[in-house]
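We just call them A, B, C and D in the order they show up, numbering each chain from 1.
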Amino acid sequence: MMNKKFGEFGGQYVPETLMEALIEIENAFNKYIDDPLFKKELEKLYENVANRPSKLYFASEMTKDLGGAKIYLKREDLNYTGSHKINNVLGQMLLAKKMGKKRIICETGAGQHGVATATVAALFKMECQVFMGKEDIQRQALNVFRMELLGAKVTSVDSGTGTLKDAVSEAFRQWTREVDDTYYLMGSIVGPHPYPVMVREFQKIIGEEVKEQILLIEGKMPEAIVACVGGGSNAIGIFHNFIKDVNVKLFGIEAAGSGVDTDFHAATISKGSTGIFHGMKSKFLQDKYGKIMPVYSMSAGLDYPGIGPEHAYLSEIGRAQYIPVTDKEAVEAFEYLSQMEGIIPAIESAHAIYYAMNLAKQMDKDQIIVVNLSGRGDKDVNQVAKYKGVKINEQ
Amino acid sequence: MMNKKFGEFGGQYVPETLMEALIEIENAFNKYIDDPLFKKELEKLYENVANRPSKLYFASEMTKDLGGAKIYLKREDLNYTGSHKINNVLGQMLLAKKMGKKRIICETGAGQHGVATATVAALFKMECQVFMGKEDIQRQALNVFRMELLGAKVTSVDSGTGTLKDAVSEAFRQWTREVDDTYYLMGSIVGPHPYPVMVREFQKIIGEEVKEQILLIEGKMPEAIVACVGGGSNAIGIFHNFIKDVNVKLFGIEAAGSGVDTDFHAATISKGSTGIFHGMKSKFLQDKYGKIMPVYSMSAGLDYPGIGPEHAYLSEIGRAQYIPVTDKEAVEAFEYLSQMEGIIPAIESAHAIYYAMNLAKQMDKDQIIVVNLSGRGDKDVNQVAKYKGVKINEQ
Amino acid sequence: MSNRIDLKFQELNKLNEKALITFITAGDPNIKTSYKIIEKMIAEGIDILEIGIPFSDPLAEGPSIEKANYRALNSGTTTDDVFKMVEKLRIIYDIPILLMLYVNLIYKYGVEKFIRKCVEAGIDGLIIPDLPIEEVEEIKLYARCNGIYIINLVAPTTKNDRLINIVKKSEGFIYCVSSLGVTGERKNITTDLADYFYRLKSLTDIPLALGFGLSNKKQINGLKGNWNGYIVGSAIVNIIAQYGIESPEYVGSFIKSLKD
Amino acid sequence: MSNRIDLKFQELNKLNEKALITFITAGDPNIKTSYKIIEKMIAEGIDILEIGIPFSDPLAEGPSIEKANYRALNSGTTTDDVFKMVEKLRIIYDIPILLMLYVNLIYKYGVEKFIRKCVEAGIDGLIIPDLPIEEVEEIKLYARCNGIYIINLVAPTTKNDRLINIVKKSEGFIYCVSSLGVTGERKNITTDLADYFYRLKSLTDIPLALGFGLSNKKQINGLKGNWNGYIVGSAIVNIIAQYGIESPEYVGSFIKSLKD
């Protein structure tokens, strides 16, 4: 049995109608997570579908250029569908199948989790409905058609701000309507228990691989690990297996949008406060009455007013540090990595790259930083072009 | 020393200004191709940059659905940058570096070869210029910015039909201007010797992996191998290691566009005749005077009026069969694979999938087809949407 | 100190009547109108008043009440405004008053401070749709010793194990969600209400109030089960959406139609 | 049977004069105008005529001649039309005539048939820019026994090994490409022409004609090396691009300016 809370954070703050469903999932999760057969099946899916293990790539040009610590990139961008999201989707989809579910719903922001879910749903022959904010549907129309191609139904959410948080709320609403036969496949380590634990367990493969790979390549542990934090799944995925290794510093990078001193950011830990939302107690950007604030980041995947409860906890106890990086800085890192290593990172991941660029310079040449390159940046090229004032007109 | 001809096909039909450059490349290629150090470096690049080996994926749902031969997909779509093109780019770029070149030029159609080249050029710190037809630049504006992000200069070619063949011609023209310090990195097994041989040698890893993988998984050889054919590099890549295994049938799938009986197709072997163009003797779509015909396929990567000389030869001697598949059929396969396996194939590769779908039904359950899934279809989603009358408006 | 909710149900029980519990979102379309609507509803004889505090992300609500929340927020309504309105009501009215709100509004306000404010304003109970019994203790700790009830909800999906547990810990009444899904009017309630009612009744003597999807007298009269009360929300909110500041009259007539 | 090209160079050699070799694309802007332009050029005293057969993808050409090819194709000009025009010219003129064309036009036409047609029309030689000596034999086989020369090209990039080989196999004259790159006018020719010339001259007695980028008398006079002839193409084609069917007069004046 997994603990429901991380210190004071976590819990199950959901309407009664959903409680039994959460309990059902929790029970199934507890039953299968240590089942050797389930593990074996998941391993096969990781290998055959997600294309795992993902490479640990030595960024030699970047390292040379910065002149400090050695930088390694964990190449989750090379996973099938282009990000770490697929790891979690495979785990939960397998669980849903074991539970006899026939229908999957999920939320998506930039569309990465939606595409991953639609992909695996097609393979598993599950019906699939994806909730996506009206704003995000317009920003990421291509991903919408990708999901539809894969046979998923994409539902536009125009309540609230029409972005990720509203897609989550709407998915919850839909779930209460058809909780019997439907499985809600949450895309990050947020939401009510058991999601934060479950998503971590399905993402921790990242850190497990990293440890094995770095010990093989370098024969020692890294000094620092850096990952971007939206909900926090890629970060917890790479952190988890190192949490006990207290000499390994952990850095979670939040989206500072136009700057943490403006009204346009999504820096939950830097600027948020403890609250209860989307089923969990955690840190949120909210006003003094508890109203959830509109947030902003050019990165749709980080554009969320909360953060996973485990990160709130790691921050509280000082085990991990959370640092904001702005749009401008992320775009700089986006271009830097593209030209330095020929790797176009997801704009989410570019936040982590930026911090690593600065960190490396302050470290010695025999020290090591591992950055989680959580996704590929093809999806963001359009937006960065626009950010830079370049017009792209596909015909 | 590699043979310059495949039967009557191949050769070096280029302006005198380029002859010494071709000889220089040929000499370097002959020197390095069997050099254990070069091989070792290339292997490392395949692994660290291209993300090789690529998976051999059993398409269980498709196999079940079709009820015939077992279908395996060689997942070149999981390579970094999304297609088989990177294999060749790594090989040639390493060679160019050994030759002391500082500048790379190349052509691109859909942008896959251009993106792969720009990517590796960034990593190798080579200057890079990509020639791309004006039409293709408009159709694939996003890839243009991707290349620019990677530091490459993209040059619009508006001569001729403003498509791939004109981009090749323009790259040749540019090369004659600066042949001393520039390396022309050709994207398929076309052009003058030594390109067809060289590109094959850098792509044959595909078939080598397939043989090892299928023997490991199935303990036997496949009955058939299917690959799409534009210039023919992914096809030769998977065929090469099986050419001597005469019981393995080889199928190259050409783009039939609107149909081989219309004026809108690119089915070079089915409808073309022997000619000499772009430096090689091969099969081309041409009129009775030898004028090269405008060709058409919705797939920019197959939209080329010629084919690699080795395929012309394999066709002539009957070792491989070349079969046309239309836009309509390719779109059908594109959607089929998306929904059946959760894999969105490149529209190029979808041509091969379509043929495999039909072939499988005519074969027994204990027989095996391997299809080369040469690339991922994200780049084509927009176009398929348009083909199907769906409007996508990214904002 | 006995709670107005208990007194109300005792009174109705004696008369063999059912409680009419009505809901509006405070501040929709503005706090003044809300006050007038409430006065009208009380005048027409509702038994218990449920006032929603608007929230940015009301995830248990269907479109009607969801939009009411946005309207109320747009009119600038805060938690403090709602307390003030209740204080004002209390000068005149002794009707049981419940606040319906999302847990974050309490948590961020400060649980202790919030409960103190409830006491000061004369609140009798809280309905917190995203606070299942598994998480209730943190707030109940303060509510209990201040005589404020936390009204538990049960749903058709709630299984017996948990039902027993919830029922055991309930006070005031139990909010029995009629159907799967979020709030909102429904043409048909497909839950087997008779079975639902008797399953509950066999476990407890606490009053059972049915809510979600109830919209007119005829529908309510046709429902199976001998429920102690009915909660009507979206139907009223829809009238407010239509008539805005003119709505007190219309809400009044609607309440009247429910009482006839 | 001696070739008109050889005779021409012998004649010029005696007079200590250099050959003026001029190029146009047949059919640009139409075949009739091409004929008129050629008559004018001959009247103004050019020594050798080089006629381009239009091709869809002329990959050794710069923008000027490339566009001339498209104009000619748009006017419907085919290889057969060019043969007809040459036949007509031959009724009157005895000037050496070369065809400049891409190898596929010969190959697809049928090498044997093409050479026969050349003989019938009175063609003296072929310039095939995409046919290096490594690939020439297949066509030379037919050309040789029919007295048609294939004019070899050399480039500044050609190294001595190959140069010796090319020179050995040359006939008529050697087309010496002045610069890297494609056809087209050039302000400056950066190749060390003196060195280029002497390197070639030390290997052969065959006439050497310099081409690519030559555009006016002054430029030509200033060039290093004692070349046996100069080839002018893009400069003429540019005039045709500007004046279209009016161009014969203008081309005539231009040729005159080269001869003065």
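Following the convention adopted for this analysis, contacts are C-beta pairs under 8 Å (C-beta built on N, C-alpha and C of every residue); 3 or more make two chains touch, one makes a residue touch a chain.
Not measured: the values here are computed from a predicted model.
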Assembly fragments, chain A aside and the remaining chains unmoved: B, D | C
item	value
Longest centre-to-centre distance from chain B, chain (CA-based)	C
Approximate Å spacing (C-alpha centroids) for the pair chain C, chain D	96
Chain centre separation (chain A, chain B; CA means) in Å	34
Computed distance of Cα centres, chain D from chain A, in Å	66
Chain contact graph, described as a line, ring, star, complete graph or other shape	line
Touch relationships between chains, expressed as pairs	A-B, A-C, B-D
Residues on chain B engaged by chain A in the complex (per definition of touch)	47-49, 51, 55, 57-58, 61, 75, 78, 80, 118-123, 125, 138-142, 144-146, 149-151, 334-335, 338-344, 378, 381-382, 384-385, 390, 392-395
Residues of chain D that touch chain B when the two form their complex	55-57, 59-63, 66, 70, 73, 78-80, 102-109, 129-132, 134-135, 152-159, 162, 166, 177, 180-182
Interface residues, chain A side, partner chain C - complex	11-21, 23, 159-160, 165-166, 169, 172-173, 176-180, 273-279, 281, 284, 286, 288-292
